[in-house]
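Listed below are the structures to be examined.
Look at the two complexes coming up: chain A is in both, with chain B in one and chain C in the other.
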Partner chain A sequence: MDITIKLFAYFRDGRFKEVASRFFDEGATPQEVITSLGIKMDDVGVIMVNHRHADPAYCLQQDDVLAVFPKIGGG
Partner chain B sequence: MADKIYRVNMTDLSTSIEDVPADWMGHGGRGLTSTIVAAEVEPTCHPLGKNNKLVIAPGLLSGTTAANSGRISFGAKSPLTGTIKEANSGGTAAQMLAKLGCKAIIIEGMPEGDGWYNLHFTADGITINEETELIGKGNFAVVDAVAARLGDKHGIISIGQAGEMKMLAANLSIKDPDSHLRSGGRGGLGAVMGTKHIKFIAIDPTEAKVEIADKDAFLAANRVFTKALVDNPISQALGQYGTNVLVNIVNEAGGLPTRNFTSGQFDGHEEISGETMYDIIVEREGKPKHNCHKGCVIQCSQIYNDINKGYKTSGFEYESIWAMGADCCVDNLDQIAEADQLMDDIGIDTIETSVAMGVAMEGGVLEFGDGAEVCRILKDEVAAGSPLGRIIGCGAGSVGRAFGVTRVPVVKNQAIPAYDPRAIKGIGITYATSTQGADHTMGYTIATNLLGVGGSLDPLSKEGQVELSRNLQIATAAIDSTGMCLFIAFAALDDATCLPALVDMLNARFGIGLTADDVTNLGMSILKTEHEFNLAAGFTNKDDRLPEFFDEEPIAPHNVVWDISGEEIDTFWNF
Partner chain C sequence: MTQAKKLPDFFARNIGSITAAQQLKLQEAIVTVIGCGGLGSFVIEELARLGIGSLRICDPDRFSISNINRQLYAQAETLGQYKAAVAAKRVRLLHGQTTVLPVMNRFQEEKKQLLANTEVVVDCLDNVSSRRELAGLCNQYQIPLVHGAVQQWYGQVGVQLAGGTLIQDLYGSHKEEETTAPSVLSCTVALIASMQVAETCKLLLGMESPLHNSWINIDLQRVTFDIIDRKG
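Showing the complex of A and B:
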């Protein structure tokens, strides 16, 4: 299945800002996608799928948009 | 020497130094300004009249070596909201006043004539001096003139043209260590200083130190506290990207108010994001990290240079960039920086004024996305005090009334900032119930609703939002009393060593024995004091509501409306 992946803040360093249609096997999870990019789960602050917060073990679907943020804040 | 209250009477141009009443001893910062305003200001008074007072107070730990303790609080009855108001800021003034033994300054009365004044705070007290040279000038001219007259080490609290003209969005500007400006931004307190005909307050530098009851215990606690802040990953990201790192995550969550609150996502979000800003700053040899006061270990401020690598602005915050950017559909960070610098100079709140511009765009005064016209209006209309400039300078509600716009995002007449309450429901509770009108900093539920700090709570669900906002508003009222920057909360919410160390520092500073429960109780009592002032001023629970368009207009991408009832909102005060 094809997943769009967006990275933010320093997760972009040496990687990418956004890639559309990267292929993963059926049943892949955000955690599997994230670790495949060489990002440590301990560094991840927020995962969103289709603009909603999602669990690392969420079962991704065809054409999902996965957004991965490090631990950030402001205000 | 015990700290004192410094009173300035602008009616008869007299000053006095008073002992601190016993009831005020345990207060500092917001707790003290709100306590004094509640005690001395008639809630029904006209906020621009002689019976309002401007109260200035450093926090309980300001002036010590405690990390991030340089916040100063300003309190009065707000001319924008009609409620009690506290606005706090960084800069050098809090630490200098605390070292000079100042518990608070109370400025009252109003001069009869047209003359203007400045105040000079020295180790011997306050002098009132006539001021002519700087009337009609912006804040940066004040900073330069005070440096020429007194030297560049002085603390400064000043108003620009907006404060002189008593515009309801006028702020107070506070000099930082590099002679740039921070702002006591919200609620129009610059207009209150303008009614007193005080252009600026200069504070003498001093070698004096704040007394610490138990120095060893204080040092030990500060070490633990500082480590908790430095080790926190959010502190580290704030140092790199500033608060503007939020543009992309709030946009991704569908809560970035866009085009005067008609969408939750902005096509130009990347152009105005923290990531883009960081790249521009590095490319133009600015500084991604900058501290607004000595002892800050987070350094969320920055120096943003123009295309020729010359200084343009600093303290370039997410909410300011959102307001001028997404809300006005301006996707050019240089134009936003220009507007930010202009508003700092004029002395006007970047959130209120920019949201007012968004309402003006909807009203046909200018086009959405026209950043150049925004800058022209700031220079030629607001700074000059033209009729249009005064309408915009009195805020979003003022523009809505003048131009017949009904989609006006305000609560208690104060503009709603950077997080749409339809898509992030906890912050809607904060906007509705805050004692000071819509203000994200009063109870920053974004931490838990979006950022996964202090647990997580689905931003689109109604469940648990009132309790979340209540707990955060109570904690915030307490933190705002310590002189601490609110960004310590990210460490405090997730690092078990942080808050106990803060309480230990308070105890070591004053030789007392507070517990964590005492600090929570302090926060509760501050909120209740502020709420009672508002009730006495004529506010009711019906004022704790969001504008009706939030109930009726779904916002993309989630297509959600505000759906928390008035009865549910009212349970906020059940404590």
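Showing the complex of A and C:
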């Protein structure tokens, strides 16, 4: 299935801002997509699928848009 | 004439952006700033110049040399001094129209004097666990919280209205505290702090904002400003 991936802030460094379509097996989860990009789950703050907050174990569907935000905590 | 008497010339150039009546409202407002470091110092400076009547500012830390790259009140002569005390001194030097209460202690120990009757709390903290504690307290006291956070070239600003879950949503999966202090640039800090002040001003004046119970993610390297469209 094809998933659109949007990365934010320092997750873009050395990767991309947005990938319009990347293929994953049926039943893939946000966690699997995120780790496949070399991103540590401990660094992830927010996961959204189609503009809704989603669990790392959510079952992604064809054409879903996955947005991944890092934790930004500095002041 | 009465109104002209009450409006000090210091704030004459605010009028036009806001009305005289709104300026007076700001002069009667109480705002609490938690954290007087990078974000906090710029927030305090701008809130005072905006003409906020009363500031309560809190930070238990003292200035160290590594603060100088991004903290407005960190300079050679303030090293070793309490951040909140230095910030209060600065505010008092500006125009005498803002009363300021510095608290050199953890906000968790001074909840009542910092939060009772305050209209807006500004989150200028530097760690996730404290942010979550502060957000919980704001909901307990039914106060809106203006959140800001920075790292490297990146930052975020959002507004948790009373009873909202923004901070939980942003850091919900957080498990352990980061052990190394992140790199932060002064340009990122100043921008995010300015946006926090704009949101604070709008809350005090009852103005709407797309950041209410949502947030904006800013990338200064690629120059992107993404307001997060949340559907639930």
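As a working rule, the second predicted complex is superposed on the first by the 72 of 75 C-alpha atoms of A that agree within 3 Å, B and C clash if a C-alpha of one lies under 4 Å from a C-alpha of the other, contacts with A are read in each partner's own complex, and residues count from 1 in each chain.
Convention: contacts are C-beta pairs under 8 Å (C-beta built on N, C-alpha and C of every residue); 3 or more make two chains touch, one makes a residue touch a chain.
Note that the coordinates shown come from a computational prediction; the quantities given were computed from them, not determined experimentally.
When both complexes are superposed on chain A, chain B and chain C clash. Of the two partner chains placed by superposition, chain B and chain C are both touched by A:53. In the overlay built on the shared chain, the residue A:15 is in contact with neither chain B nor chain C.
Residue contacts after overlaying the shared chain place A:72 against chain B and chain C alike. In the superposed model, A:45 lies in contact with both chain B and chain C.
None of the stretches 184-192, 328-336, 364-372 or 544-552 of chain B clash with chain C in the superposition except 184-192. Touched by chain B in one complex and by chain C in the other are residues 8-10, 12, 17, 45-46, 48, 51-53, 69-75 of chain A. Residues of chain B touching chain A in their complex: 233-234, 237-238, 240-246, 248-249, 252-254, 270, 274-275, 300, 318-319, 440-441, 444, 446-447, 450-453, 456, 458-460, 486-487, 490, 557-558.
If you check the complex, the residues on chain C that touch chain A are 35, 37-40, 124-128, 131, 148-152, 154-156, 169-176, 178, 181-182, 184, 217, 219, 222, 224, 226, 228-232. Chain A contributes residues 8-10, 12, 17, 41-42, 44-46, 48, 50-53, 56, 69-75 to its touches with chain C in the complex. Residues of chain A that touch chain B in their complex: 6, 8-10, 12, 17, 43, 45-46, 48, 51-53, 67, 69-75.
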